[in-house]
Amino acid sequence: MLEISLMIATAMVMVSLVLNVWRLFRGPDKPDRILALDTMYINSIALILLFGLFMGTAIYFEAALMIAMLGFVSTAALCKYLLRGDIIE
Amino acid sequence: MELIYAACVGLLTTCGIFLTLRGRTFPVVVGLTMLSYAVNLFLFSSGRLVVNKPAVLGQSETYADPLPQALVLTAIVIGFAMTAFAVILAMRARADLGNDHVDGQDFGTDQLADKDKEKSK
Amino acid sequence: MLRRIFPMPTHSLVLFIVWLLLNQSIAPGHLLLALIFALLIPILVGGMQAEQPHIRRPIKAVIYFLRVLVDIIVANIEVTVQLMRPVKYLQPAFVAIPLELTGDFPITVLASTISLTPGTLSAEVSEDKQWLYVHALHMKDETTLVREIKKRYEAPLLEIFGC
Amino acid sequence: MDHLPILPILIPMLAAVLMLLPPVANSLERQRVVAFIALLGLVGVTIELLIISLSGSIQIYQLGNWQAPYGIVLVVDRLAILMVLLTGVLALGALLYSTAGDDRGGVFFYPLFMLQVMGISGAFFTGDIFNLFVFFEVLLLASYALLIHAGGKQKTQASLHYLILNLIGSSLFLFALGILYGTLGTLNIADMALKVRELPEAEQQLARIGGLLLLIVFGLKSAMFPLHFWLTKTYSSASAPVAALFAIMTKVGIYSIWRIHTVVFGHHAGELANLIQPWLWPAAILTISAGTLGALASQSLRQLVSNLVIVSVGTMLSAVAINTVQATTAGLYYLIHSTLVTGALFLLADAIAEQRGKASDRFVRARRMTSSLPLGIAFAIGILSMTGLPPFSGFVGKVLVLQSSVGAAQMAWVWGAVLIASLMSVIAASRGGSTLFWRISSETNEKKIIAKPKLFAIYFLLSASPLLVIFGGQVSDFTSQAALQLYQLGVQPELLLPTTPSLGSPE
Amino acid sequence: MPFWVELIGSILILLGGFFVLMGSIGLVKMPDFYMRLHTPTKATTLGMGAILIASMILVSVNQNGLSAHELLISIFLFITAPVTAMMMAKTGLHYHLKIHKGTLNRDLADIAKQRQPPNH
Amino acid sequence: MDLFLLLVLPLVGIVVPLLAKSCSRTLCAFLTAIAPVTALILLLTMSQDLLDGVVLSSSLSWIPAMGMDLSVRLDGLVFLFLILIFGIGALVILYARYYLSPDDSMGRFYCYFMMFMSAMVGVVASGNIIQMWFFWELTSISSFLLISFWSSRTDARKGARMALTVTGAGGLALLAGLLLVGQVVGSFDLETVLNSGDALRESGEYPFILVLVLLGAFTKSAQFPFHFWLPQAMAAPTPVSAYLHSATMVKAGIFLMARFYPVLSGTEMWFLIVSLTGLCTFLFGAYMALFKHDLKGLLAYSTISHLGLITLLFGLDTRLATVAAIFHVINHATFKASLFMAAGIIDHESGSRDMRQLNGLWKYMPYTATLAIIAAASMAGVPLLNGFLSKEMFFNETLDQGSLGSLSWVIPVLATLGGVFSVAYSTRFIHDVFFNGEPVNLPKTPHEPPRYMKLPVEILVGCCLLVGIVPGLVVAQLLNAASSASLLGPVPYYSLAIWHGFNLPLMMSFVAMAGGFFVYYNRRTLFHFQMQFPEPDSKVVFERWVQRAIKACRFGHAYIENGSLQRYIFLLLLATLAVTVTPLTALQQTSGLKPQLPMDAASVTAAILLVLSAVATVIWNRKRLVALLMLSVVGLIVSIAFARYSAPDLALTQLAVEVVTVILLMLALFFLPQQTPKESSPRRLVRDIGISALVGGVIGTVNYAMMTRPLETISDFFVANSKTGGGGTNVVNVILVDFRGFDTLGEITVLGIAAIAIYKLIVGMRLYMPSGDEYGRHWSTDTYPMVLAVISQILLPLALLVSVYIFLRGHNEPGGGFIAGLITGVALIQQYIANGVGWMKARVHINYQWMIGSGLLIAAFTGVGSWFFDKPFLTSWFDYFKWPWVGKFELASAMLFDLGVYLTVVGATMLILANLGTLTTSERPDERVLEDQ
């Protein structure tokens, strides 16, 4: 049962990723794309966690944690770029 | 799965190289970054693809080949250093040469650059 | 004295817990390490913190936290439901909320809370920090919304930070 | 416990690190002193190693005390020692020159300089192909940084080309490494040589691709046709001491071809034996031709010297292509000569440019140089060596290469190319030289005599040229020993794989 | 593994997957940027939370010990998600992005962009 | 050892004038002359042996690898040449003392002169043919310096270059020839070579050898059609011409033929090439000499003519002809050297060399005139002078050959014709200069030169007379010895008597004499005739050709090396393709035997997303930010792929690196144009897509082929020893810090270099600061959004804690110093982004440069530390400790090493980013002001 639900959940996450990419391509504006990328980061965390559960290992946990931390920085920097041009000023 | 992996590596290489063949520094740097992704994936795969056997002792019976992983790690870091330098050099080139063409000569019409020039000190 | 050792007591506590969480262990060795880092890191980064109002009422803060948690769940379900309906039923709106809170940190907490809870999203704080601009996904009534937010979130925060 | 082999890498590195830290970091004077001490130490250690190597032994230094194919080893054979010694001497010359003021052109000159030396030494000593890559990157990155030393549009532009081409080259290197590891399953060069011989047929073609990709990579570093385009601009725009140090850079590529393609894909590699030779032949000849063309087309001394470097690269590559002990002997001799002389010529070009005011080193009428006599003599020595005319070292190298190609299938091509290149270089150099020194405008010269350290540095490097002729017998003896040893390793790579760790086993 | 653990885990995982998916659907479906901004930040937070809790439970049961470090990710997301959302909203305002026709108080967007107090 | 002294003395002589140049001019000349005179005396002490045909030789090993020994070999031929070199050399030194003006640098002149003399001695006295070539080229080089002695004169420079080019080319041909000789003979020793004549003539390489060696000889001896450099070399000071262009350098080619006569002659080919060349040169030179108005020009062409004569004699390929040739070498050297000196005196004392100006000098300098007239008469072949004797022998030999069959009469006829012109130009030299009316517009009033300036001329003219009158006494022995050395055997019978009775040669001499006067008498008609053929100035022609060649080279070079990076990359890729495609086509089976992983939907989807984003990056590469976003997606998926295929460490690193890269790229993007202009033509696009797709295809195919083949690697060792030998369970990390710690040391060095290199780039950079984005919108005024700032500050300690955690666990589980360093770095950057550079600057006082330095130092010293345990560099150490209450824990040197890595990474990241930020902020204009406008 767990396995099936994991597979379904993975499928859902994959679909979300596809949708994110669609939004990323579609735009229409840069903030939209950034939003899509940010969502992708978060969805990847889900993906990695699900994968870890699937494989029964906690070894990928750090990867998820890192995406959470770095995704934030990346998005913040992108927003700052659009707002100010220079991100470190 | 190997076929798809290889196809992805090939495609990344293609895209990376195509971008490095562009005439402006920024696409070239992007291309180099992409090329380095391809390189890393390629080097990584020289240890063959293995699912869920990370080379951490005690995690499983057999392990993925750790050596290519270590090599890729080194390659990533070096690639990062190189990209960083390339990026800043691109900036420097723009500052020194007044445009961002890789040959330092502005062949195309770059009105935006001109606009920027007015504002520059 | 205590201030010097624990320039940021809350932080130290959090760090202590987080270290144990990360290592998933309460072995004596880890307790020791946790203590060391809980002491060391705040000293290291102490310079890189702007002065912020302290939490005066910790218990209220916990209650507030739990309430927000519940609200998040509700919010999400609500948004999910709204999502499934056609767009035309939605009534998006911008709202300006006058702030009584002062201080960067409390305002940030409020803004974050608003973003996390039902159908609202903080968009901007006015330059004088008197107004919070909020985008609502589906607003039935402007005054209700403003009152609701002020009562439900701002008031407890005022108490917690004692300002 | 003998730690000599690691020192040529460690000394420059530590010196560089010291220069980043106080108190050395704060004063250029101190940095100069540290750099000098470090380089003298490097040369001293290398000479010591050289003396040890005269007995014919190869020193293997197992880093981290890990057994040979698994850990990284330093292989200190005659060839490697020779190259490092050459680096040390060249660097000393460049350093000496830079103390006269060229080190003020930007920050971090000496640390980068030492790091570049470290990278070069490492590349020469390592016995591990991935480690070779790492050191390649060390020396390349340091060279990118040094290239922009003292700033200026030209430098920025040149380094952009140089950087991007080399980044692609590094990518190809990694592809090649991936292929080789993916087929041979090892990274130690000697171990690779053993594995290549037993490679199943299905994987031979893959390994061949790997080997050929490496040729491209090394060819790019050594400025082989058609990968040489970066060289002229890079070398001619770099500031003098940097350009002088760069003289060894092309040799790193050639050395690597020797190291990899002789030991791993040499005569004994079975189906894969000598896989690069068919490509190397035409490339070498074309390199010489391209260099010659460039030399005739040169409009300034630096360009001329850069193009002469390309010619010399072509000459060495043809020695590599001939692929015999005799040819390698010749190539090595030529390499020593061309490295030191090129280095000196780049320094000289700068000194000349400095004295000619606005005309710089371009071949146009300009004011008389104040120190025209010492510079003129230096010019004569350098250019005669470079064009391969007696009585200086160039002709020995050239004649050795010509002799070694006798009997080879492409002999006529090599002879034709080398001799015609020689003649054309003479024409180009005599035109350039007579313009530089003799076409004098009426403009009065500034009474600015060349700085003593500069002159000393130039002559220090140039003195190699007559010395190489006078002691030609001893030098060629040594190079032939080195070549023999190299080919011996191709026959018996297991010499580099001691069955027990040389220094006790790990716990 | 006890059945109920598996059941709870499965439900949570499915729930999580569902919320994540809904968030992304919202991202595609919503007509303007500000509305799009709502869905992923919220739905995803909850979805992630569910998956993380499931992970905690399952791993804890599997390894016979409390596995709580997933909480960390939750905390991180908790702290960061609203901030990213706000930053993006700010960016959107700055870019004068198209605002959906039916939105009330559209003029506030401009004022917010200027970071001025509202006029009334 | 004495033999080497002959070589060494002139070499020492090079230094003498440099040291003596501050002395008086006379002393300087005197000191310089010591070396050649001593050498001459030394040589004369050996004369008895040499005249008896003994070969003296001595050799030292020098560069055995190229077959070059330092060896001296003296025989009769060498003896003859050495006498000329030293004897005439000493005379010229004396002469030059008076010829050179006080403005000329005496030291420099004598230095070059001695250099040339050394080279010349080396050429003739070498016992090793490579060594001979060595000195051969030296003669070219030193003559270049001598010809261009008056370097400020264009004609001197051009003449010198031309001489160098022509003789240099010949020298290279000679080298090739000599190397081939050595190849055939198996030795470069002259003695061996001389004894291998038959082997050489029979070898397949003989034609090549002959042509190459003769090319060397002909260019040096100014044989037609390589003669043109010699007249131009007259730009040299006259002492140089007297020495180089009469007695020595041009004779080097003759010497070469004489030397190799026994090994190369005796074939049809030799006869045809040498004799025809000689004949052409002889006639051409003689004819042209007549029309030269310049004294030295006349002499130069006459020299060409006489060299042709000698060559012709060698070409006739009879033993007697060789004797005649060698005899003429002696005679020509004496009379031509004296003529040049006389010409120099005239030039020096009258200020002109133009025979249209110089007339009737007899009145002003009768003594010099007498000497010159005698020498010129000798040149013309007047009896009782040495020129007559050898010319007689020459005529005799032309009659004696029959190789051309029934056409053999042509040669004596043409020889006589040549003789006619010889007489004519000699007559012109005498009559025009010394008689023929009064001087025209001379710059100076001519008078006799200083006493000792005439001395060398007197001596040489004396020789002419002596040889001419009593040949048997004076030169017989020398000639005999030289000839036998050249012939490598007994000398045929010949007679040196002045009178041989009335015979055909004498008749020819008479015809020549009479014809010569006749021609001279009718010279105006002839001059008129010759005017129709304007003689091209070889200097101009040569220069024009060289210019053209250089222009062509420039064009070709610029065409190939056009400065376009795109082309260079294209060529690089093309080369890559070229070498890889062939083996790939030979690869029979792409897929190997290894079982493949099954496909799963998730991976395929991820792959599709990867492909889409990569393609999107390319498609939108001109919208730079969008491309950057797409690139981020690619990076994200790549790191997920790493996680999927069992490489958590890689996933972590890739993620961290990618974020930092993106931040960097964004930083750069601010200063670069936001969009790429559309400038690639469709053709270029197709080409680029084509080549990149091909390369990508190759890489992909290789990758697939590689992955599907089984592999045995050395990695088992790492897995087996990771815990026991390296003390860690994360094998990848143990490899990084222990097994291959040296790589990591290099890697962090790279990072450190990158950081300081970037710092170097940033210092002094002047940037374009766009005041608005690509649509011209002004930037937001909210520099540091409050919410972001607050949250970032809160997150910082957490992030640091995580990085400590990642750092500490690295040895046993995914993580390590590098990733930890990047996390710390990113966390700090986040502070910079959120709070600003100024804010951070006030709060952080870390010198990042020192941080890098100490990181590297720690890593290196961890390695050095193992020395104290007598282990190689970087040998790791670890142990488990048990403390009460705390429990068991591990300490390892690898952790220290990792700390070094950590510090370097943090330092490098911050040095790059923080400094970049600092730089930009200070120059940024205030938007508020801008917006108000």
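In this document, chain identifiers A, B, C, D, E and F correspond to the written order of the chains, with residue numbering beginning at 1 in each.
Just so we're on the same page, contacts are C-beta pairs under 8 Å (C-beta built on N, C-alpha and C of every residue); 3 or more make two chains touch, one makes a residue touch a chain.
Keep in mind the model is a prediction, meaning the values are calculated, not measured.
Student: Which chains are shared contacts of chain A and chain C?
Tutor: For chain A paired with chain C, the chains in contact with each are E, F, in label order.
Student: Which one chain sits nearest the middle, judging by mean Cα positions?
Tutor: D
Student: Would you identify the chain whose Cα-based centre sits farthest away from the centre of chain F?
Tutor: Result for the farthest chain: C.
Student: Please work out the Cα centroid separation of chain B and chain D, and write it as a whole number of Å.
Tutor: Using C-alpha averages as centres, the distance is 28 Å.
Student: Return the distance between the CA-based centres of chain D and chain E, expressed in whole Å.
Tutor: Measuring from centre to centre gives 58 Å for this pair.
Student: Where the centres are mean C-alpha positions, what is the separation of chain A from chain B, in Å?
Tutor: A distance of 21 Å separates the two centres.
Student: Got the chain B residues that touch at least 2 other chains?
Tutor: Residues 17, 20, 25, 38, 40, 42, 45-48, 52, 54, 56, 67, 71, 74, 78-79, 81-82, 85, 89-90, 92, 102-103 of chain B touch two or more partner chains.
Student: Find every residue in chain F that makes contact with two or more other chains and list them.
Tutor: Expected reply: 563, 565, 569, 573, 644, 648, 667, 669, 699, 703, 706-707, 711, 713-715, 718, 739-740, 743, 747, 750, 753-754, 757, 761, 770, 780, 782, 785, 787-788, 791, 795, 798, 802, 813-814, 916.
Student: If a residue has to touch 2 or more other chains to count, which residues of chain D qualify?
Tutor: If we look for residues of chain D contacting two or more partner chains, we find 130, 134, 137, 141, 144-145, 148, 151, 160-161, 164, 168, 175, 178-179, 181-182, 187.
Student: Which pairs of chains touch one another in this structure?
Tutor: Touching chain pairs, listed by label, are A-B, A-E, A-F, B-D, B-F, C-E, C-F, D-F, E-F.
Student: Considering only the defined contacts, which chain F positions touch chain E in the complex?
Tutor: For this pair, the touching residues of chain F are 777, 780-782, 785, 787-788, 791, 794-795, 798.
Student: Once bound in the complex, which stretches of chain E touch chain C?
Tutor: These residues of chain E touch chain C: 19, 22, 25-26, 29-32, 34-35, 37-39, 41-43, 45-46, 49, 65-69, 71-72, 78-79, 81-83, 85-86, 89-90, 92-93, 100, 102-106, 108-109, 111-113, 115-118.
Student: What does chain D use to touch chain B in their complex?
Tutor: Spelled out, the residues of chain D in touch with chain B are 130, 134, 137, 141, 144-145, 148, 151-153, 156-157, 159-161, 163-164, 167-168, 170-171, 174-175, 177-179, 181-182, 187.
Student: Any idea which chain B residues touch chain D in the complex?
Tutor: Those in contact with chain D are residues 17, 20, 25, 28, 32, 35-36, 38-40, 42-43, 45-48, 67-68, 71, 74-75, 78-79, 81-82, 85-86, 89-90, 92-93, 96-97, 102-104.
Student: Per the contact definition, I'd like the list of chain A residues that touch chain F in the complex.
Tutor: Touch residues, chain A against chain F: 10-11, 14, 17-18, 21, 24-25, 27, 30, 33-34, 37, 40-41, 44, 47-48, 51, 59-60, 62-63, 65-67, 69-70, 72-74, 76-78, 80-89.
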